[in-house]
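Some structures to go through are shown next.
There are two complexes below, and they share chain A, which is joined by chain B in the first and by chain C in the second.
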Partner chain A sequence: MSQPTAHRKPSRESAHTGFMRHRGFRWAKFALLLCIACIAAYVWHEPLDGPSGGSWLGYTLGGIALALVVFLAWLGVRKRRYGSSLGTLKGWTSAHVYLGLALVLIATLHSGFQFGLNIHTLAYTLMVLVVVSGIYGIVVYAKLPQEIARLRTGSTRDAWIEELLDLNDEALKLAEPMGPDVHRKVVGSIEKVQIGGGLRRQLYGSKKQKRSLEQFSDALQQRLKALIDSAPPETFNPSATQQSTVMFMAGQLGSGDKSALDLQRLQQLLDVIGRRNALVTRINRDIALHARLQVWLLLHVPLTFALIAALIAHIVSVFFYW
Partner chain B sequence: MKVLLRTIESANAPTVEKRLDLTVLKIGRGSDQDLVLGDQRLALAHAELVPHKGLLGPAIRLEAKARMGVKVNGTPQVSDTLKPGDVLDFGRYSLTVGKPVEGCDLVLTLQQRLAAHEERSARKAAFKTTLADTGWSRRRLSWLLFGLFALVTLGWPLLRYFQQPPVPVAAERTTVPSRELKADILWNSGPLSNAHQMLNADCGVCHQQPFVQVQDASCKGCHADLGDHAMTSVVAQQHPFAEQRCTDCHREHNGAHGLIPTANQACTVCHAEPADLPGKPGLPTKDFSTAHPEFMLKLTRKAALDAKEPFVWVEARQGTPEAKFEDTGLKFPHDLHLDTKGIDAPEGKRVLECAGCHTPTADRASFLPVTMEAHCSDCHRLDFDPQHPDRLLPHGEPEAVVQSVRDHFARIALAGGVMTAGAPAEVRERRRPGETLAPNRARAALAWADGEAQKTLTDVFEKRSCYLCHAVSPTSDVPRRWQIAAVAPTTQPAFTTLTFPHGAHATENCASCHASATSKHAEDVLLPDIKSCRDCHGDTGAMTETASPCQSCHVYHLEASALPSLARPAAKKAP
Partner chain C sequence: MSSVYALAIVGSGPAGLAAAARAAELGLSHVLIEAEPHLSHTIHRYQKGKHVMAEPAALPLRASVPFAAGQREVILTAWDRSAAKLKIHIRHRAEVIAITGAQGRFTLKLSNGEAINAEHVVLAIGLQGNPRKLGCEGEDSGLVQYQLDDPAEYRNETIVIVGAGDAAIENALALSTQNRVTLVNRRDDFDRAREGNRDAVLKAIEQGRLRVVYNAGVASVAMTAAQRGVITLSTPQGAAPIDCQRIIARLGATPPRAFVESCGIVFPSKDPNAVPAVSDRYESNVPGLYVIGALAGFPLIKQAMNQGWEVVEFIVGRSPEPADAPLLASKFERLPGYRSVPATIAQIQSGIPVLAPLTPLQLREFLLDSALRTPRAGEVIFSRNDYSDSFFSILAGDVFIAPNPDDVSELIPLAAGQFFGEMSLISGRRRSATVLAGEGCVLIETPRRSMNKLIASVAAVKRVLDETFLTRAIQSKLAPGLSADELQEVVASASVQRFKAGEVLFKAGDVGDGLHLIRKGSVTVAQQIAGKEMVLAYVPAGQYVGEMALLTGAARSATVKAAIATETIKLEVAPFLGLLDKHPALRDQLGNTLKSRAAANASAPQSDSQQHGIVQFLMQQGLGEATDVLLIDEGLCVGCDHCEKACADTHGGISRLDRDAGASFAQLHVPTSCRHCEHPHCMKDCPPDAIRRAPNGEVFITDACIGCGNCEKNCPYGVIQMGTVSEKPPSLMSWLLFGGTEPGARAEKALVKAKQQSGKQAVKCDMCKDLSGGPACVRACPTGAAIRVSPEQFIQITQGAD
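Coming up: the complex of A and B.
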């Protein structure tokens, strides 16, 4: 896997990180001011029964927090309205991030640090979880796009998958004249190739496949070289290397009296399989990076909806039993 | 084995039928196979279909030749007996076993499910490469959670509420509230105060109407007898009392002891600038440590001569000359009594302590009045005749004293046998039983008795017993002859708006607040001033003093008897 230095330092103004610095941290400054104002009011305010959501400042902070939640959740609507001219999406995202962080502070002040086993603290907890998942989102948005760009080096995943299928066909073609054992091994290996999969597979890949592909790939390339360079090795036990196609190939290579043509074919096959394995690893890495770039939204968005439900219950209940 | 092989090349193409007669049907990619299938994933010799004499009659078995096996109805098999309807997978080809027809042992339908290029795109499409492919839909998950949370946190309590709406009546003392918590306990914004815990199961006792704030009526349903803060009903209808609600100060759901406000603000919101408030609520009081006014004392003063009562109560603020004395009508030097070397007592020197005279009340908040009989008479004996030390004067009734002394001397003079020096013979003589004095002798004896009584009374009233503690003045009023100054009543607490909780200060000694050891006069006011309090007490939030909110000394809900008013009960009438 090559890592061209050209992609190591993407511009700060790139589309992926730009929303943090949008318009000279305009929203960061706004959020900071909002936080300072809220803290100042909280410190200055001395309600009779100590700080709580029920004082006039409590209601005010609650109102601000509610407005923030609605605004933050509205990003999901705004980003689907491509025709909207209400600010740029980048601006919205920037505001979303900084006001989302400010929300934690404002909601905490709103609570007056009164927590308990009730739906009010439940709503607070959900809010914190949403923001924490969002913070994870900021981190991956800041890091992973660069990694993806570095991985892809200008190519696309579709092209890689095409290439992978080509390599599989080529391997089968090469295996055909090499006897049923080789053919069976190659077919088996093609069947075993895992591209993506379920949620866990996409995120973490198949550990078994990773092991067999990554660990052995390099070692076997070297082994092949050694076999070609030197005479048949003294000790090579084919039965111990049945675990993967490449090991089996190496066994075939080592098992002695093959014609030069066979050796050439085997070398080609090994080369194809090696390239394919590297490609599988790269495709799965690409899938994993994209999955990590998105998977937090599986928490962030549904938890937001849970938060909105709990928030409605919070607001209705405090006024229902005023 | 006779085999009928039907081949379907493509969806619209006609079926091609072919009959084969073989011992074994060999299937694979190799050219030597009976059924050659051009899928590179197949082995050259992939499988064989073999006639088989089974227990239940002849059958056809599948024997896989490739080690990966053959998928029969989706499950890889190495060897299997075929039934009509079975589908065998050979790469992109499928072989379906049909029902046997006349003259054939086996009917097979061969179908190429996908063309080579179609299969490639199908394989690509089968890869799950994005999160959207995994079936974890954000939208579905979102609505699921939304529904779930809305149902549990809102729907359930509301449903229970409307199923069993709370009865909007105040908790009656005859009704024990339910112990069964309802779903709306989820809405509880914080723990109730200790006293109200029993209401956890019944929110409606206080929250009587949805979306309406808790009304005073809810509180007064139980707390009916609480005193008002406003002194009169007129004041109670004015600002700020008119718009005040119980919940302005009493904020529930603030924990075990959260219901009673501890912030001074509860009081200072009005009392910091009381000038424009009704009912003359006193001097501005912003806090305790710096801005609290000097204490207002209730003191007794001698009334004007023509007044009905001998004493009146006045209020005087500490720091003014008026607050430095009060009229007691007594003589009492504290310093003499508290002399650490002791004071003369019948048995010798006795060291007195404060507690010797000042007995705490049952609630240990205050002290019982000091009385002559209980506290003084031990030393201040009211005997008057050294010959008869057991004869005591009645206390508190000067007329009875005069009578008593005269009667005493008349009796001993007539009885005779008196050994007092200078007594006449009539008095000195012992009488025989039944003997009476002749009238002239009796007159002489009584004259002596009158003289003794006069001497003793003058002594008692003007020099000794009475005079020691009371102001005595002679009067022309016969037979009383001496006037004892009235003694001030002690029925009022010393501070105007509170009773000092002595019990809470039991670890202190009296002298740390009361300068009694140096007080020479009964008129001295020995109440400590606010500076003494500030030695230990500070504002709420103080770090080095006892944080003392207004409520540690004052109460809001005044009881009628605690109302500071100058309309006092009558002072005890002086004799």
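Coming up: the complex of A and C.
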């Protein structure tokens, strides 16, 4: 009795699968066949002066390798042709990954294992680097999204930032009647959580404006991109200020001559600051995870350009010196 | 006042102003009565600098005051100037609170106690209603205002805001950044407001940015000096005076209906969308009392102005050809044997029974909105599974309905005078059959909104459509081959039942007393398994639940709940069994159908509680009324925002989806993006009827949008934005070679700027209906995280990725 779901535009896929298993591993199978064919040809082919890029098979394999590189690099273009109806980007990525892996084998066979200190081997090395960075990319694509989903548990970074701002406000309000010392300390700790100058204004000035909050997180993100995987970021190190603020507060708690009301306030303040710091840590983690999802491309893409340059040099040189 | 005007016009909007201008031009003794100190309060209230549009473009303007698309200020100034030049007699700050008497001597009572007498009255008060006043001493003093245009204008003032609805909260929050604001709430909660506003105001109160007085009414207002005064609240603890500089009362508006009814004008139904029935001379059931403009159901400025001009012509005894006559003529010309517009209208009214109860004006409006089609014999009018929602009446010739996709030779003929297409109109779902044109076929195709307006306004139309829907639904789902006569008894015993979201249709173990055919909305079917409730199925409109009751009479085996507001047709067991007794072949056939359905249910993969949770979550996100929705698998999404970039790049620089926003559950994320609802809320109040549904189901906004912002407010999922699209997307080649703007780069700056400017229109997802290859968001996702699904696939989705 159910109504058919026919009448859909063609590009819709019924089930939902990730790019690795796109269309029942169509590209994986294709790449595998390509590899097998190349190995068979290589084994079968016995040139007089041993296998090399100079034999007819070498040229053929080199040609295939070149075509693959062009196709792989074209992903950068196809990715931004949003109106294109030439397959889906998911299909392209799937092909990219499997053909990229096949490329290693094909290029190696092409070279006939003749490596040395020359422009040819430079091209080969660059290619391997691109591929390795690509493999790293696959690993993070496979792992981090789930980690992010677990971290977020249904919430969003915007909601956290909103909550953070509220907690900051609350902390300030609690600190207000507690004398200039405490107040200054809280203001200081709030200021330190933000990066560079002007950010505080960004945060407060456009509180209701989600977009500028995103700009804020973009700013954080950019900053973090640079620092990623290096030492803990210095300009944005909540734990340093956390520690000292909490210590300071605890000192206040212990310092005797406080009325019960003040004590209660301090306890509340500590609680709020504790919660805020936990939130800051979580936001940082979220930003860092997102940065790690993208940062490897900063290696993958420039290396691609270098590879193309080296390849051109390789091809030109073999034509001049054979 | 003892003098009697020939004509009193109430309301100086485009309709009333145009009427007064024509009266002045003709030298008729008249008075234009306006509650506000300026002309055209509705237009006056538009946002500053708004670009006012002159839709429908094809309709010529016929009025003594100018109007063309342009800035609000320009239009208002031109109107003021014309009013002065024509010496229109205007009474400002005069609210009419009662109209009594009869043609020749009406008495209009004003709120200040004065009375005005007139022979004829034109009611042009629009639909905005009047703001509710404080209802106490001083409510009209200079201290109190009932509207707030620009919160940024006020600084360092002490302001009291009265009210607890969305408007009051939004004003209070906006003002509290620069002023000391106290909110006065008659109750002790903010439950009337939207969730977002409620949370925001409670937070602001908690943080001390706002003061609030709960359980308080306003006892009096008194000025103490210029822009200074005291508002006295009555609270359970006694009277509480507050010094303030400004009082803003946001108590909502009283819809004009009660006032209009008190003048003796009859509304055809209780439906809040109903408009008073008027003759083709705009005269109501009270002779001499005319109704024009938005109040009469014509929601655009140009229509209102034309009617203002025409109504005065009618009153002075002339009968000008209506301004829309050329439009109708051009529509009718293609008809075989066309003679004149009135002749064709008469032919239509007598030839199509369902249209007979319409007033001439309603019929005209209906025909203006409709298209006349003369398909060749054999041409497909619509196909099974199309998502179109228009309504067809057959003026001549016949059509053939092909309900059975497996046997296209099975054809049901429909003759001239009958109609079709009501199924999708009512259920909001795909066409259930293909319809082919016969010989000499002439059809009137009417868009959904015009039909809904008729259903709301003409009870007879509603009844006929409901009955036909019922008969045809039973014919197509349960009793194929039986005629309407044979089904009469079953149809007569059937009833339409309404359920709110979450309400139970029936529970497992209940006595099976009938079958529910879902007419509108959708339901979930759940069973108790190992002590936990598990959702087995999602059943959309057009299908039925509880069918076993008809055959076995056994108790219900599952619990069925409405996923959203749902209407079902309930068929009682007894009359249906009677029918089966008379038609044993039908009994066998039905038995087989139901058995195979039961078998299919039993072999469906057993669900777990996780899945139940997901279904629950999806329903909460409004997917129960969705036809196609964007979902993101968080386990695959790498946050590259390619989906948004693709959307922006292919849609004038504004992304219509917000990936990061929206709720998630069990790694399934529902981004802020259009659900393409079965009955789109956004369509509800669109003055130019600019929101349409395309044959594949895409709900989209046409260029006719006038930027009024109603749809933005009406969409419960917050997916419509107001913005200006840019024509030229950034070029990929020039970005690659020279840098600059990357294709798909966020155009938020443009959006924010557009918000402040005026030429904005509503923008939303159109599911890339104009792109070959389908939705760009999904095609641009490198990992396959973004998917679009239809309701039929929900259960499949919840059963895991592969």
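Just a few scattered comments:
The definition used in the following text is that the second predicted complex is superposed on the first by the 253 of 322 C-alpha atoms of A that agree within 3 Å, B and C clash if a C-alpha of one lies under 4 Å from a C-alpha of the other, contacts with A are read in each partner's own complex, and residues count from 1 in each chain.
Following the convention adopted for this analysis, contacts are C-beta pairs under 8 Å (C-beta built on N, C-alpha and C of every residue); 3 or more make two chains touch, one makes a residue touch a chain.
Note that this is a predicted model, so its numbers are computed, not measured.
By the touch criterion stated above, A:G18 is placed in contact with chain C alone, chain B being left untouched. Legend: residue contacts after superposition of the two complexes on their common chain; A:L32 is shown touching neither chain B nor chain C. Shared-chain residue A:L101: touches no atom of chain B or chain C.
In the overlay built on the shared chain, the residue A:A73 is in contact with neither chain B nor chain C.
In the superposed model, A:A149 lies in contact with chain C only, and not with chain B. In the superposition on chain A, A:I138 makes contact with neither chain B nor chain C. Judged by the touch definition given at the top, the superposed model places A:G83 against chain C, while chain B stays out of reach. Contacts of A:V301 after superposition: chain B is touched, whereas chain C is not reached. In the superposition on chain A, A:K173 makes contact with both chain B and chain C. In the superposition on chain A, chain A positions 157, 169, 173, 290, 294 are in contact with chain B in one complex as well as with chain C in the other. The residues of chain A lying in touch with chain C in their complex are 1-19, 21-22, 77, 79-85, 88-90, 92-93, 141, 144-146, 148-149, 152, 154, 156-158, 166, 169-170, 173, 210-211, 290, 293-294.
The touching residues of chain A, counted against chain B in their complex, run 46, 48-50, 52-54, 114, 116, 118-120, 122, 126, 157, 161-162, 165, 169, 172-173, 176, 180, 183-184, 187-188, 190-191, 195-199, 201-202, 283, 287, 290-291, 294-295, 297-298, 301-306, 308-310, 312-314, 316-322.
By the touch rule above, chain B contacts chain A in their complex via residues 40-45, 66-68, 120, 123-124, 127-131, 133-136, 138, 141-150, 153-154, 157, 184-191, 203, 207, 210-214, 248-249, 251, 254, 258, 261, 263, 265-266. Taken in their complex, chain C has these residues touching chain A: 203, 207-208, 383, 385-386, 405, 429-430, 477, 540, 542-544, 593, 597, 633-640, 642, 645-646, 649-650, 660-661, 663-665, 667, 696, 732, 735-736, 742-744, 748, 752, 771-776, 778-785, 787-790, 792-793, 796-797, 801-802.
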